[in-house]
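Two complexes, one shared chain (subunit A), two partners (subunit B, subunit C).
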Partner chain A sequence: MNPTSSISGLIPGARLAGLALTAEQTRIEVIGQNIANARTTRTSAGGPYQRQQVRFLDAIRMSQSGSNPVAAPGWQVVKDPRPPVMVHQEGHPDADATGMVAYPAINIHEEMADLMIANRAYEANLSVIRNGRALAQQALSIGRR
Partner chain B sequence: MLPPAVMETLFSEVNYTASKRMMDATVLRHQAIASNLANLEVGRYKRVDLSPNFKAALRDAVRRSDHSGLDAMRPAIAEDASAVSRRPDGNTVNLASELLAMQDNALENAVHTQLVSGRLARLKSAIAGRA
Partner chain C sequence: MIAPIDNTAGLSPALAAVLAERPLAVPPASVSQAAGPSGTAFGSMLGDLIKDVDARQTQAADSFSGMLQGKEVPLHQVMLQAEEASVSFQLMLEVRNKLMDGYQELMRMHQ
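Up next is the complex of A and B:
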């Protein structure tokens, strides 16, 4: 089988771009979760909320033939190992014996910048699908007039 | 009925075959760009594009009017060796230039689709005997 047809179906590039869309969407959701939990000092697992991020992994080759280097991204959601920020707040229900409260190490500006980048990547992959569809439609119009 | 040689020459003009190859090439290039944009955030990923050998071979075959050579030609994707990374992770994809390349490629595809389509339309009007 032709290696290019097995990776795309009728719309060229759509499968790849679809995978990337899922990855970016996960990223946007994770950022939303981080922002929503920026001040969460207690979780069901104990301790403050821990910041999460999407880590992109090495590309996965889409074809076995080796001649076609088209690749799909892999990703996973990982916890950020940064230690929590300690704030002196006596009387807080989650304060320790010395009056320190552990807050998640989340910087809203960092999250917003990440969100913008993820949004742009999402749009770019969406336009790949839109353009691929236009190519397929053009091919269908051959000989029609 | 037309002798087979005449039918063959109708569809074996160099420009016609070259346009068909270029249509294949633009669809493949779109896939290369899709791969580049999908791997925008993947460290160490190197951008891919149509292999420069294909373009050179196509140009050469058109110049020599080598029809059978053109017909056997298959476009291929290869790692773009000329791309330089401007990022610490070694990724060589640039969002803006990929988007530009995609628009450029779509236009090129439209040109060749119209060439092929127009050729078939002319043949049709010749058969029908009216414009």
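Up next is the complex of A and C:
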């Protein structure tokens, strides 16, 4: 974040946890996108909306040399390969010749469970930062009388 | 009780002068210019620290205003920068307090 700075790592683990927070934020946004598009039958790419999910990569880690974490994005947004759900709905503007409409294969309960997991993961990373801040302040108190 | 000090070789010239019960060769204002063991002037090191703390404060303020202006800055990143700036300021304050303590201790010995 700030490579020109001479002092770094003031709050233990904060930078790494910050990257993880960004990754979790992306996951929460992707889940929100899935919920928002649960009934989208037509996209600009053609066909129904395809469910997306976030795959975390190992890029969120400490660098080999020291405590500066690797700043590369540690996640990837990938498409869910599950086929769309076909619903018989004659008269729908996106119905095919037999009256079947392709809806995205999105299960709202699955999305809510994922959202809860992402929330907890975000909170866990926040705890790491809070802990690091408390440690930094205690370390500063060494010099006090 | 403080043990008597025989060897003043490793100490900074100002401190050695005080320990030898000689008057200070340098006025107190230039104490911070004395060279440390590594050869780096302590004064310039302190200046670097202050500049660094200032840069962090500016960076945190920039992130804050950037977020308020609608730029896509993640909230946690802004708060992290603000917190790092705060901790680095506290670090600077502790260094300053230590320096003042040391200076006052020296002046007390000089009386």
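As a convention for this text, the second predicted complex is superposed on the first by the 124 of 145 C-alpha atoms of A that agree within 3 Å, B and C clash if a C-alpha of one lies under 4 Å from a C-alpha of the other, contacts with A are read in each partner's own complex, and residues count from 1 in each chain.
Keep this in mind: a residue touches a chain if its C-beta (ideal position, glycine included) is under 8 Å from a C-beta of that chain, and two chains touch if they have at least 3 such contacts.
This one's a predicted model, so the numbers in the text were calculated from it and none came from an experiment.
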{"item": "First (subunit B), second (subunit C), both or neither touched by A:Asn37", "value": "neither"}
{"item": "First (subunit B), second (subunit C), both or neither touched by A:Gln25", "value": "second"}
{"item": "Touching partner for A:Gln53 - first (subunit B), second (subunit C), both, neither", "value": "neither"}
{"item": "Touched partner set for A:Leu10, first subunit B, second subunit C, both or neither", "value": "second"}
{"item": "Superposition-derived comparison: subunit B or subunit C, residues of subunit A touched", "value": "B"}
{"item": "Which superposed partner A:Gln138 touches (first subunit B, second subunit C, both, neither)", "value": "first"}
{"item": "Subunit A residues contacted in one complex by subunit B, in the other by subunit C", "value": "4, 7, 14, 143-145"}
{"item": "In the complex with subunit B, residue positions of subunit A that touch it", "value": "4, 7-8, 12-14, 16-17, 19-20, 23, 56-59, 62, 67-73, 120-121, 124-125, 127-128, 131-132, 134-135, 138-139, 141-145"}
{"item": "Residues of subunit B touching subunit A in the complex", "value": "23, 26-28, 30-35, 37-45, 48, 76-79, 95, 98-99, 102-103, 106, 109-110, 113, 116-117, 120-121"}
{"item": "Interface residues, subunit A side, partner subunit C - complex", "value": "1-2, 4-7, 10-11, 14-15, 18, 21-22, 25, 126, 129, 133, 136-137, 140, 143-145"}
{"item": "Residues of subunit C that touch subunit A when the two form their complex", "value": "48-49, 52, 55-56, 59, 74, 76-77, 80-81, 83-84, 87-88, 90-91, 94, 97-98, 101"}
